[in-house]
């Protein structure tokens, strides 16, 4: 996200605007934790994980009083436009705020789950999925040396993209995602059959939001039916949220940040800046909600064939 | 490339085909270094850099005699379709071969330079550019600690994509690419002006095929005009060609390999399998040559604004 | 471990010996899964995680019958010396085997826990601890952005070295290890006091074998007493066992492998090859058991001072 | 180095001292670029490459006037002890300064070349050598795929440690270092012989300070005698100086920084804090100069045997 912050700041300054940073999301707006930013404020941050502006949930912003306080804090500095990086929760807040106080908002899609309608890329997804792949590669070394079955849980409460991409990229035998019902008996039978053929490295990648409730639950099913298989569970967890961003994430964040400011300048208000088919694509914030993505059936077929 | 080999082998086997591997490109075809592949032959390779089939230039394949030998070696094994991973040189050979001997060929775009018409992605580019970014991040640590100017040369004889993407992603002040004329005086003046402002980290990223002839030449120009600036040259070189592939490269390689075999099966012959706007896109091999890409002018503008 | 295998093979061949590889530890000896190795068998493996010889537990080797079978399989190939890479379990097996069948054994310390007497280094420890550090660095990005407390569990059932080293290297506030009793009230009070001072990044690193029973249990204690602190648990798990080895691990493995063969040749039998104070150090296998290490008190003091 | 700075600051504060940071080495002392540091000043830096205090050469400090200015700047803040991180150049400056102005100095060995007498570890070496190993691993992928000879230059003007360690760890066939004369004809003959046996991956690692003058010069010799071998040169350069430090470097830097302050407090003055045989070891600054290290002959033998 730092790359997006940097792009917003420098594009704003280039156009002669004053640019302010708000700490910890809406909390900083409500609590007046706001500071003026110069070009130097964003020097040497493009390669860093996390975000220099920090992040937090803010209950007060759900209430009118909280939003009024936030508005007053912006107003007294003459701030008349807002760029919000986040997911659909943040966008809903922005939309409400914008309507009540006539401050135009621009949204940038910043979620590692990639499940936002109106954009092919979200900031952080490529980094998260590469971190998952590197971790699974390491686990595969052990899986291979020990002839073990590893059931690996990756992030994704409502979306299976991290599981799908990291699973294909590491040659997982099965990928369990929320978007698709899994017949656990099929999975177990296929494992049993592979065990007979002594096909030895077995990886199952599970999104945390899968219908079975994560890797531990899947492992219970497998162990119940295949007690002889040496089965281990790994939950990758928060390592997926940090780390130096990939080139792609830095590029799309820079590009989106640039266009966020450009949008404010031409009065293209209350949109999310996305990228579709390599072109900038603008979605009204009310539609930029968590998307019901359809997982491409072809991918599931490729998983099956390539892992054979 | 191993991910593509794996996908071709397993998709072929899935459809009941026999699949053979040819070592060292056309050399292996001419010298009969060909072996039958099973599912197990491509186990545990998706995460490895390089290619298990190795690669080489083959002079004999330029001559009819060489190609005839190659054909005989395929024929005696009953091989009646070819999947070639490479750039336009490989595709030209495949095309000629295919016309002379009636063997259908499918091309997969495998070049780190990304300069092939008919596809948004080439296998290896994302890995190369992320390797470049990681290396430049490390150099930046020194640039920052010493207040030095680093002029960094990345790969790209005819194409500036690695330079452009890695330069933006690392916040380079200037990016010099073959596709665009650079006014070196502008560069030097901008550096001189920044030195006055004591803006301290300075990175210039140069594609090896840039008009000045690479980083050393650019450094000579800079030193001639700014003798007091502590200037260093780094040529990243072959580290960009190796290393464990990124998630994206493994995914597109898997997808392209799958569709290469599918294409052979439905008699979609002598095409390059590409991806455009997230969809499979097939280009006749004669058109899948090194593309004259136009660099998006917007990118150059973003470079200028964000590095300020 | 591949670096050690490579060193043993090539040093043996250099001295004109025949060298055999045994798959999956003692299982391969019992089941006759043994193959002759050439110089080429170990080419291009030094950088790979895991082990090409795989590993497994072997119940049959606990019984005399199993060991007799193993001996017969060695004998029929004329194998008259054994190099065993592992921990004290493997060494006990080797010792018993060696006494019963007059086959000299050499042990190499291969455990990521580093808790073997007679050597400052064990093969795999440096790689495991660096993997832990990289993972915790990523988690710290999130901890920092969210002002959260992360309780991170690393490997180490009986030994706290991975926890101690990775904890100091990532600036953890508290490090909980099996070798030392922890007063959980002290930990909680110190967190409470830091929260007041708004010192924000809080990391606690816990060895899995710590007296409280791992990170989940520690988290329960903390949450019970500090319900307002946003606390998360991460269990790093098996990523610590894989991955390309560090320079140090490759070096010590090469050096130990070389000296394992040299030891066989000069009839220095039934020892573990270790390194102490930068010099080779040989320990009789019966003493090379899991060491009761004393954790240097100075380290615990440094942890306290530096995390303040 | 940031880990050392952090340790000095926090240990000083723990003992109730005031601690100041000096920017850009002796330059900051001369130019009065000095600032008071708190615990928070060194938060979240242990994982970062480079140094937050920056570094520079300072000509004025060679002259008495410069040192007098520096002294006055320290004096007016009541600074009465100095911790210097660097190599023998920095230590000589510190020694002179200390004698002239009665300010006790403590040296910490901070050089990636590892060639300082009185310590087994220098801050930065382990990170540099692991970076070199990772880069050479990537180059090896290409070397392997293309059957090429790569001649790789690593840092080390007077010392061959980076070359020796990274060369062994990557299985280089030859390692050329300043400490040892190389018979280039031997190298060429061995390559010629290997070419006949079609042993294909060939890596030569050369320290920049080798007698032949670096990798380019070695390549000229090889090409002159083996014109048919496809030979490439890679100069790793400044990537070796940056990057997030390894666990070992963070640990020794923390430990040395802690003992630097402890030394000042007990009036153990004008020493370099080193580690030998896992124990703290203190060397008078006048002896902590660039060491004439003897390269262990055993290592050279191991190189020869293992690369065969």
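Here the chain labels run A, B, C and D in written order, and each chain numbers its own residues starting at 1.
Basically, contacts are C-beta pairs under 8 Å (C-beta built on N, C-alpha and C of every residue); 3 or more make two chains touch, one makes a residue touch a chain.
Model, not experiment: these values are computed from the prediction.
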(message) Given that chain A and chain B are copies and touch, would you call their interface same or different according to whether over half of its residue numbers are shared?
(response) same
(request) With centres defined as the mean of C-alpha atoms, identify the chain lying farthest from chain A. (result) D
(request) Round to the nearest whole Å and give the separation of the Cα centres of chain A and chain C. (result) 34
(request) Please compute the C-alpha centroid of chain A, do the same for chain B, then give the distance between them in whole Å. (result) 28
(request) Return the distance between the CA-based centres of chain A and chain D, expressed in whole Å. (result) 39
(request) Going through chain D residue by residue, note those that touch at least 2 other chains and give them in order. (result) 137, 140, 144
(request) Go ahead and list every pair of chains that touch. (result) A-B, A-C, B-D, C-D
(request) Could you please specify the touching residues of chain B with respect to chain D in the complex? (result) 24, 48-51, 54-56, 131, 135, 137-142, 144-147, 150, 232, 234-243
(request) Write out the stretch or stretches of chain C touching chain D in their complex. (result) 3, 6-7, 10-11, 13-14, 39, 43-44, 46-47, 120, 126, 129-130, 132-134, 137, 140, 144, 165-166, 168-171, 199, 201, 244, 246-248, 250-251, 254-255, 258, 277-278, 302, 305-306, 308
